Structure formats: structure tokens, C-alpha cells
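So the structure is just underneath, and the comments pick up after that.
All chains are identified by letter, namely A, B, C, D, E and F, in their written order; residue positions are counted from 1 within each chain.
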Amino acid sequence: MHPALCPMLDRAAYIGGLDGVSSLKGAEAVGVEPKGTMPHALIIAFEDQVKAWEAFDEVMAPEVPRIALVDTYSDEKMEAIMAAEALKDRLDGVRLDTPRSRKGDFAEIIREVRWELDIRGYQDVKILVSGGLNEGRVRILSEAGVDAFGVGTAVSDAPTLNFAMDIVELEGRLTAKRGKLGGKKQVWRCPECLADTVLPFKASSQKCPICGNKTEPMLKPLVKDGEIVAELLKPKEIREYVLQQIGKLSLKNISH
Amino acid sequence: MHPALCPMLDRAAYIGGLDGVSSLKGAEAVGVEPKGTMPHALIIAFEDQVKAWEAFDEVMAPEVPRIALVDTYSDEKMEAIMAAEALKDRLDGVRLDTPRSRKGDFAEIIREVRWELDIRGYQDVKILVSGGLNEGRVRILSEAGVDAFGVGTAVSDAPTLNFAMDIVELEGRLTAKRGKLGGKKQVWRCPECLADTVLPFKASSQKCPICGNKTEPMLKPLVKDGEIVAELLKPKEIREYVLQQIGKLSLKNISH
Amino acid sequence: MHPALCPMLDRAAYIGGLDGVSSLKGAEAVGVEPKGTMPHALIIAFEDQVKAWEAFDEVMAPEVPRIALVDTYSDEKMEAIMAAEALKDRLDGVRLDTPRSRKGDFAEIIREVRWELDIRGYQDVKILVSGGLNEGRVRILSEAGVDAFGVGTAVSDAPTLNFAMDIVELEGRLTAKRGKLGGKKQVWRCPECLADTVLPFKASSQKCPICGNKTEPMLKPLVKDGEIVAELLKPKEIREYVLQQIGKLSLKNISH
Amino acid sequence: MHPALCPMLDRAAYIGGLDGVSSLKGAEAVGVEPKGTMPHALIIAFEDQVKAWEAFDEVMAPEVPRIALVDTYSDEKMEAIMAAEALKDRLDGVRLDTPRSRKGDFAEIIREVRWELDIRGYQDVKILVSGGLNEGRVRILSEAGVDAFGVGTAVSDAPTLNFAMDIVELEGRLTAKRGKLGGKKQVWRCPECLADTVLPFKASSQKCPICGNKTEPMLKPLVKDGEIVAELLKPKEIREYVLQQIGKLSLKNISH
Amino acid sequence: MHPALCPMLDRAAYIGGLDGVSSLKGAEAVGVEPKGTMPHALIIAFEDQVKAWEAFDEVMAPEVPRIALVDTYSDEKMEAIMAAEALKDRLDGVRLDTPRSRKGDFAEIIREVRWELDIRGYQDVKILVSGGLNEGRVRILSEAGVDAFGVGTAVSDAPTLNFAMDIVELEGRLTAKRGKLGGKKQVWRCPECLADTVLPFKASSQKCPICGNKTEPMLKPLVKDGEIVAELLKPKEIREYVLQQIGKLSLKNISH
Amino acid sequence: MHPALCPMLDRAAYIGGLDGVSSLKGAEAVGVEPKGTMPHALIIAFEDQVKAWEAFDEVMAPEVPRIALVDTYSDEKMEAIMAAEALKDRLDGVRLDTPRSRKGDFAEIIREVRWELDIRGYQDVKILVSGGLNEGRVRILSEAGVDAFGVGTAVSDAPTLNFAMDIVELEGRLTAKRGKLGGKKQVWRCPECLADTVLPFKASSQKCPICGNKTEPMLKPLVKDGEIVAELLKPKEIREYVLQQIGKLSLKNISH
């Protein structure tokens, strides 16, 4: 959601019955402490799940629950076992934020994680789930053994344009998590039929796969050293650009 | 939409290709002059369509188009004929904001209005339509003869809670337009099953038609002489109230 | 229905449980008095609803109920208020025969009429409805407040070709009620593709909008001064004409 | 259809393009000779298909086509072979009026009849079909080899109550054709729940299978020696009887 | 089913609750006596139903039930009456193996057979049904009066390619039962578009009805005097033939 | 499929156009060399993917392609990268036999594997897929980048009871691959309502979760040291057991 709306959404979610909120401004609007767990970026920064969990355990205040994110590089079941073996009794929970492409039967994955934790004696470790949730899935996954849910999109009252920021390269090393393509990329757009092609950043430009025209790189710097460096257009100019682009659309282009 | 969002929506609508916007803040955000036509409140304030149209014609600057709103008290076809006969060649257009309950086949109503204007020699009078529009209806109504559209809800990117402010009583006289019930009302809510009953303001309270409990009046003063006079609750208090109300819901109550 | 079948239909409807019938021959077949209310033609003959209701009230025998038809020129709600204010306590009921194009939510219109009559003290005025009824709609409209129904097509046991006779011009003055186009018309048919075009009677003929051929006027005198003046064809001749017309039909023509 | 309507229906069917009509009054209304073929009653009167076809061939004028009805007692394919072998080159066609319960794939039956006639050298014998036809089935059966169709119900413009008169007993001998139950019957109706039970005429009455009440025989003489002997009720009396019977209906009774 | 699988299927069917099996090997696998009734081939060998039933009755051991197959040449109802009149009290049951094309409402046919047997005093004669059965049809037909069922395809656990061996010619005489075309045939295949045409065996070859090419006869001797006389291809050769045929398939060919 | 049928199925699949078969008997029936790749059991025996791939590479004849199975413990993308880094240029392909519960968007997973191999310079490594394939999925996955498919169930002509043998414990160590629960289990069945409960082998028995009755362990030794040690029942005894179990079934039991 647009950040200007977030505090209102957090307030409405809290009023509607949710237990807590994660944004600083939202928590302030509600009058409670914000809550949250570690992001994928932490794991990727260490390029190793176990090191990341152990570092988190080492430096965080004791009252912060130890919730290990267990879906970055390997299978959820395997990473949950790794987390339990690494933090032992200090582990409070595991969070599964499984990418959509790996979620064939998520309830089944939850049951496997629960089984493997239990059979190793970790009955007290909670299972948290986030991503792609709605009221129907919460009911199904509760029955499968999930203890807590992090819900976002489904409780906003408006359609969202989903996007995510992901670390895919680290000082030249490819580091994409499961569900993401490794390495920096360039987007090449055809100015005629508007088709986009995504390539590794250093790959040379290609002709448009739809119409054969020359394509153009779309990524441009917007902010540099904290300063806006891109030219900002006026509404009238944007409108003219939009109407000109719409003029290029045809059924053929839309259907590819 | 929430007024804080309006300028953003107006800007997006203009950028997306619409010809103009009607709110002052939105027009300012876009950098154009705001546009609009007379409201039902003007007709109701005069309690007579013809007097309202003539007064508008008398006092407005000459560059403002004369667009008569023709659905307040009588049939659209009849009011369109009345407007043409009242303002004659000075009439630029008629606007139909027909209530949903009278819109059995709106394209047919448009064809009748166009036919009756044409057969009387008013081929130059434009037909404008507002209310309940989307991209499908705009296409159908264009073919039926509509010249311009006032679109609101359908171009916002979020679900809306539709409500309207209507004059239904004027110094004690009943004045509701078509589609609205005349006279001031009170809403009586049952504190047990949450059913609402709407009655004329002076009617005495009734027992709840669902469960027979005593009902309570819901209308309370929020603002008086420009001052907020209602008590504002904290998020935590609202949340407790919401959870308590949800506890009263049952399938029986929801289905009525 | 074909007039030769009407008495049989009336008899069957009465036997099946309806309360009365409106045709003279049908009532005779059943052995009861025929019942009915004023037609739109009465209102149009006066070119004024109130004058028509008052004239009806003045000349009809006292035992005939005063049922005002309230949908001719203005909105049902407005005409119902006008009728109550004109006939006062002598008004027994209002009849709504609302045209399909104005019937977006007929139950809602009924609720408004009931509310406005009640809030003005006319709780005893009944609401009658006719037109477009079936067993489902009767149930819905009963709950919305209708007291009696005039049902026709739905109780005949055969598909009907609906048509109506309407006064649309009166000594040169345009007088169409809501839902009808004003003024006398001519129908122009294309002899090639059979497309029909309806125009004001005095408008000059047009080329066919489908295929561009010359069109021909279809209206011909059938009866003059009570005498059949049109030539009557034999079954064999009609059959040949039908087969010849069918030969002109093509998917292209049918789909327009 | 009601006999009073038949001439009108025949005229409309002829005008609409059919080749001929079978009723005397209809043919008179159209101005052509009526056409038709032998009924099942002829076969049943002889209690033998071959004797019936031979008798027809013997006494009918030479210009009357020899069309044998081939579905009374045995399979259509078998009776078609029998008819060809009996009348030889004098056979003009066979008519199939197959009962619905034997019509699993009628096009397949037609193809078999055509094959068996052809392989025996009767390529000139036509196949006629009657019963249960509509525009879709005519197209399918034409492709399967049918040369002519006798269409009734589907070209009337009204719903019909189908019934048929069949000879099921002949001087005490059981003679029902395929699709009919042999022997005279009595209908026993329960006066409480209106359930009907059909039994051989001489079987003693039974208790109602639904509610256990005593049942009553329904068959009563209406006409004797050409005189109406049954009491005729007035519309008002019939209406009272209908409303009383409707009062006995309940969901339980309707659903059996 | 493939004969190698039959004993396994029979064993599974018996274990699953069926009362008996008909194949010799299957009965052996189960350890019970095989059961069955006369085939159509018996009736066709006699070219007369009654003679066949009487011969069966004459030569079979007394403990074998007399079950007459009653659908070969005439209608089931008629043949059931014929069987009862031929074998009288010795008749134990009738079997209906009605062809699909004659099974418009099989439950209705059963009710007619039951009625005609009962009204003639044969209440003890059982009705057996075989062919096209599944669990749904067994339930429906049980209610219609069937006493026993012979189920095959529906209890095998695999899709089947249905085919049947039928006697259609006997020493030069055409003898096809209902549902089969009389006489020996040849299949002519088009080598280009793979369309098959079935003709009487002695008819001369035709051009392909789809593409006009010359067609080729497909029937070749496989076994003569108990010896395999056809050339057997190797898997590799068959595979090449299949791939070559697939290459000839096109949407046009498939859709005919 | 039943092993007795396998050679027939392999032969039919090969004749129908597949490139090869994997069973020894099937390959013999067809007359070709059998083909196949490593199983999960190999990886699990090593308890380490990389060691298993390296051992395979070390001991297999040089003409055997090096196809690494890459879905046992970690994510397909991660294991594919590990395999490429372990075997380098000797790696011919990777096989994905992804469990259903991890296959949210398998085409997306394929695209990621292809991207990560390509960006690291392994454009020549093929992608093979097995499990859950049919003609529709083969088309979709081909477009996503799969080079070869291992198809089983979908080309057999019969419904299959899918089951798999998996190593879940190795000398007391839990070793289940993704999609399987770790450790030896016992199945406890309720003799009353037939509900099954699966528990770790050493867990003590539980009451039936449906009806509260005592449950019984179902696993019994069938074969010991190559000898059948279980008692084999006769068809009649099995049939009695089946009918007795069916008698215990009720809608309540079936629906859990």
C-alpha cells in the first residue's frame, strides 16, 4: 500500500481485531509496540541461514522472541530442523514465508514441519506463516498446525500492486533466494509494441521478440545520494504520454 | 472516497485520460479549472425544477454552460421537455442522474429523451449522464445517444462505501427527490441482535422486529457550531467495542 | 391473446383461483361482473393527470372504486402524492403500470410510494400493480406493500406476441406517455435485407442502414370507415411470400 | 391441441412452409387435399401387422401411397423387412412412430432400417418418421436417412398436454402395442393426498400407497349413446373444487 | 477385457461382493461353479426365438434355470409374452440385453414386461438384465422391477474398448439381430486421410468420401485352420507405422 | 501398475511413440536397452546429495549420462547449482521429481533452474522432469525449458493406486526426503469405524479419534527371509471379510 495510507490501514486492522501491527507509524497511530520478525535480507546478507540465526540470537535483547525464517535457500522442513538444531531450546518459533511457486500444498508442508519438530522433541517451537493469506487459508492452515499469522494485503480494503524488494546480488556474488532470479537485471522495452524483456544486466540488448524492433533500457536513476535526480513530469505531460502509449496498444500486443 | 485521497484520485483519473475533474483540490493538484453542473439540492431548495433552472440561467456567468438536471421530481423525458421549453436556445444540455430504482433500461430512456428533444427541434442540446457508470455502460449509453459522462466510483481503485447526503425536508415540508424517502428519520438499533429500523423522526420507538428487545436511537450530534461535540474513543476502546459486537453476531442475525 | 380465445382464458383463470376478470365476454362466460380501472388513454385524452382523475371521480357511479393510474407523465411517487392531494379521502387506490424501462427496482418504488402516502396520512389508499407480473414477482411485490395485482400474459398458457396501442399524438400535439416515443411514425423496410427503420411520419425515406438499398413504407390502410379495404391473400399466396422472404434471410441479416 | 384451434394451426403451419396438413377442417381452411397414413388402431384391429398392410393395399384407391406403419408389435427393422416382403414393389414407404421408451438412438434405428431395405433391393422405399420431432431432430434424422416427417406438437405455438387414445383390449383379448400396458384399467385416487394408482380394471381397490387412506375409482361415464350423461359444473363450483384441492397439496404430496 | 486379465477381474468382483462369475477360468480362480444364460448366437442359429427356447428346454439338465433371452428380433415385451406362452410354468426368467439404440427409457420397458407377465399370471417369472449397467442404473432398474443383473464392464477397473462378435449371416441368409446390420461387410480405408467406410462385402470399392482418394480393403486373414497366417511385426516396425499414421492426422481428419 | 502388466504397458508405450522404457522386462519385450537415472534412495543412502552424485560419477561407466536428481533435501534451484558446482562439465543433466506439495508453479521453478544454470555458464546441462505428468503439463513445461520427460502413470490405460516405497529411517537416523514424514511408523485402525491413525512406530496406541474405541496395529510381517509368513485367505473368506467391513461403513464414517 502507499506509505501515506499505512497508518490508517494499521489502525483499521487493529480496531477490527488483529493482535498487533508491524510498522512504526502504524503502531504509533494505534498506541502499541510494533512487532515483527527477521527478513530474508538478513539471511542473504550472511549468505548462510545458520550464521544469520545465530547472529540474531547473539545480539537481540532477551525479551525479543527467537523466530527463525526458514524458507530462504532450502526446503522449509530442512531449514526448520537446522534452526532447531542450531538454537536448541532458545528457538521460540519458525516463520514460513514460502514463495508461491513452491506452495503446491502448503498445509502438507506445515504438517511435515510440525511432525519433524515434534519427533525431535521440539513440541514447543511455534509455527508462524506469512504471505498470500486470506480468511479461508487461515482457517485451513490453523487446522494444519500453524500457531500465528502475518497478514498484509488481504486486510487492506483496496486492490494492491504487489511488488517486493529482493537482494539478488551481493558484491558481485549471485544470492537470490528461492523464487527469485539471481543477479542484477535490465528491462528492455520495445517502443513500438511495449513488450518488456528482462535480461542479466550485462547482457547486450535484443530485438523485440514480438515485432523485431530495437528495444530500449528502462532502468534509470531516480534518487542519488538522497537527492531526486530524475526529471518529474507535470500531470498534463504524463497524460499525453499515457494517451500516446494507449494508442500503441492493440489486441495483438495485449494478448502476448 | 475519503477526502484526503480525493486529490490523488483526481490526479490519477486525469493522467489516465479523463477530460476534467470536479473537486477544487483535485483541479489544483492537476493544474486545471474544476468543472461541474447543478446538484439536486438546488432544485429542492426551489422546490420547483423550472424556477431552479431559470435562476441558474439568470445569475451564472455567460461562459458557464446551461446544463439542466432533469430527474429530480418527474420523469427524465418530461423534465427534459420542460427544460427545453423553459430555457429555449440558451439550454446547452440536460443531465440525467437517474436513481437506480428507476433505471430499468437506461439506454431506452436516453433514446426517448433524444427523440423528444429532436422532434421538437433541440438537436443541439447535449445529453450528459452521471451515476452508476462503468466502462461497459459507457459504451452502451454512448451508442444510445449520450454525449458526455460524469464518472466517479468506477475510476477509484478501491471499494467504496456508497452514501449520499440528500435534502428530504425543508422547513418542515417533505421534499424528497425520486428514489429517496421524504422527511427526517431516526434509526433504532436493537442492542441484542443489532438489527436497524428506520422510522420517521417523530415516530415513537419500536421493539426489535427480529428479537423483540427494546431498541435505541442511533443518531447523535457529532459537530455543533463547528465544534466536535461527540466523545472520541481510543483505538483500544473501539477494538473492544468491535469485538464485543462481533460476539453478538450469529448466522441468524446476519441472514436477516 | 387472440380475442377468440379470451373468454376461455378468462374462464380458466377464474376457475384456477383468480378473483375476477376484466373482459366483458370473459365475465359473461364466468358469470360474474367484469372489473377494471382507468387506462392511460384517459389521462392522455385530458393531457393532464389531475384533470383526468377529477373527471373520473365526477362522473363515475359511487360504487366504482376511485383507482388513480399514477405513471403516465411523471414519477410514480410524485403522481401518487398528486392523486392523494387531488381526491383526498375519496381516493381508494393508485395503480402502477410502470414501463419496463423505468422499473430498475420496482419493489423499491413501491416502498417509496407506500412511505410517502403513509407519512401524509393516506394509510388506507391501496396500491395496485399491473404489467410484467409472474408468480415470483407477485411474491416479491406483495412483501414490498402491493395490495392487488392485475395479471395478464403470465396466466395465459401460450407464448404471446406483446404489442400495445398507444396515443402518441392528439390533434397534432405530441402526447406520448413515459416509455413511448411521441408523434405518428412510418416504418421503412428494406426489400433486400428486411431491416426496418422507424421515423417520424413526415420524415423523408432513408436508404437501408444495413445494405444501402432504397426502403419502402410499410404502413397501409387495412380498415376504412369500418370496411376492410386491404386485399386479403389466400394461404397459398401467403406461403409463397413467406418462403420468398425466408430466402432473403441470412446470418448477416438476422444478427443485426 | 383443442379441436377448435386446429384449423388455425394447420393454416399457420401451411403458410409457414410445411407441405401439407392431415385434418379435414385444416385442409379445408388451407384449400388443399388432406394427407395421412394408417394408424396403430388398424394394425391392432387385425391383431397382425401383415394382414393389416395387405388389407390396406387391397381396398385403398391406387393413387393412395402404400405407407406401412412398422413399429406396433415388433422391432422397426424387423417390421420394415416384413412389410417389404409382404407388399414387394407395391410398398411406397414405411412409417416409424416409435414409442419414446424404445428410442435410445433413433438415428441408429433409421440407419439400420435403411441398410436392411437397401441390402434386400428396396432402395425406392421411403422412410417416414412421426412423433417427438423438432427442428433439431429433423436435421439429425434427415442426415440418418429419413425422407419425410410428420410434425405436430412442435409447430403449435402453445404448450400442449400430450395424451393419446390407444386400443389395449379387443373383445377381452390383451392387444397393447409396444409402449402401452395391455388391458382395461381403473384409476384409484386418494381423496386425502391426491395420489393416483393405476390397476387392471377388475383388480380390487387398494389403500393409498402414500398415506394409507381408502382410494376411490375416478373413471366415470361422460357420454353414452351420444348423449352427455355426466353432470356439468358451473365455473364457480369448479373454482371452489380447485381451491379445496389446492388446500390439500403439500410439499410431501407434490414430491412423490 | 484382455483374456489374460479375466480371472483376476472375476476374483476381484467376487471378493467385492458379487454373487457369481461366468467365465470358466474365473470360476476356477474363485473356487465356485460358473453361471450364465443362453447367448444371441443360439437364437440366431435357430433363426427363430421359440424354437431356440424350446430346444434349450429340451436338452438342458433339469437343474439349469430356464432363462429365455427376449430381445433378439422383436420387442422385449412381445418376446417375453412369447416365451411365457411357449415354456409356460417351466419358464424361470427372461433376460433383456436390449441394444443401446432401443433403450430410450429402459425402466419403462421393464415395467411393461412386468405388467404383461403379471396380467397373464406369470408373477413368478424373474426379470434379468445385462448390458450397459452401472451402480446408478442398477438402483433405478431394481425399483422398476428387475430381479437380477449381469454386470461386466462397470466392475473392471480399467477403460475398455467395447467390441462384440455377432452372427450377421448364416449360409448366405441375412440374420442380424436388432441393433446390428445384416450381412458380411468389408472395411475400406483411405491411405491418405485414414477415413473408414463400411460396405456390404461384395460391394465394389469406393473413393474416399473425405478426400476422394482410392481406398483399400482392411480385412485380412489372421488365423486359418488354427494356424497364424498373418505376418507379425516387431515393436520397432509397429512404432514406425504408428508415427507415420500420426503424421497423416490433421484437425480436418480428426473432426469428421 | 501390477508388475505382471508392466512389460505389456512398456511395449504399448514404445509402440505409441515414446523414446525408451526403464524396466528390464519391458525393454526386453520391446527389444531395446532400458534407460533410467538415479533414485532418491541413492541420495538418502549417502545422507548427502553431493557425496551421492560424486560416487555415481566415480563408479558408473563413461557412456552413462550424469543426471543428478536435485530435489531430495533442499530446493531444486539450490541443488541444481550444487550439482553443477560439484560435477562441473561432467554434469549432463538434472532431474526434478519435485513432490506435489512443493509444486505451486512448477513452470516457474523450471525457469529459475534454467536461469541459474545459464547465468553460471551451464547452458549445456539438460533439465529432465518426472512425476505427475500428462499431455497438458508436458506442453506447458516444454515451453518453460524442460528437455526430457519421464512419464509413467499417465500412459497406462487404467486407473492406478499410487504408492511409493521411501527410506525414512537409516540405522535409527531420521532421513525422510522432502514430502515424506521422517521415521518408521505404525498404522492404528479402529475396528468399529475403520478410521486409521498414523503414529511414530514407538508411540503407544491411541483411542480412535472418531468414536473413542480401542485401535489395533495394522502392520504385520508378510515376507521374512524371502519366505511368505502371512496366512493367505481364500476368496470366499476375503469376500466375507469385505462384506462385514462394508456393513460397518456409514455416511458418518465415510465423510471424515
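Everything that follows uses one rule, which is that a residue touches a chain if its C-beta (ideal position, glycine included) is under 8 Å from a C-beta of that chain, and two chains touch if they have at least 3 such contacts.
What you see is a predicted model, and the numbers here were worked out from it, not measured in a lab.
In summary, the chains found to touch both chain B and chain F are A.
For the interfaces E-F and B-C, the C-beta contact count is higher for B-C. Residue contact pairs shared with D-E exceed half only for one pair among B-C, A-B or E-F, and that pair is B-C. Centre to centre, using the average C-alpha position, chain A and chain F are separated by 32 Å. Inter-chain spacing, taken between the CA centroids of chain B and chain E, is 73 Å. Centre-to-centre, using mean CA coordinates, chain B is 63 Å away from chain D. Distance between chain C and chain D, defined via averaged C-alpha coordinates, is recorded as 41 Å. Contacts with at least two other chains are made by no residue of chain B. Taken together, the touching pairs link the chains into one ring where each has two partners. Beginning with chain A and continuing to chain B, the ring of touching chains reads A, B, C, D, E, F. Residues of chain C touching chain D in their complex: 5, 11, 14-17, 29-31, 157-159, 234-236, 238-239, 242-243, 246. Residues 73-75, 77-78, 99-106, 108-109, 111-112, 115-116, 119-120, 174, 176, 178-183, 200 of chain B touch chain C in their complex.
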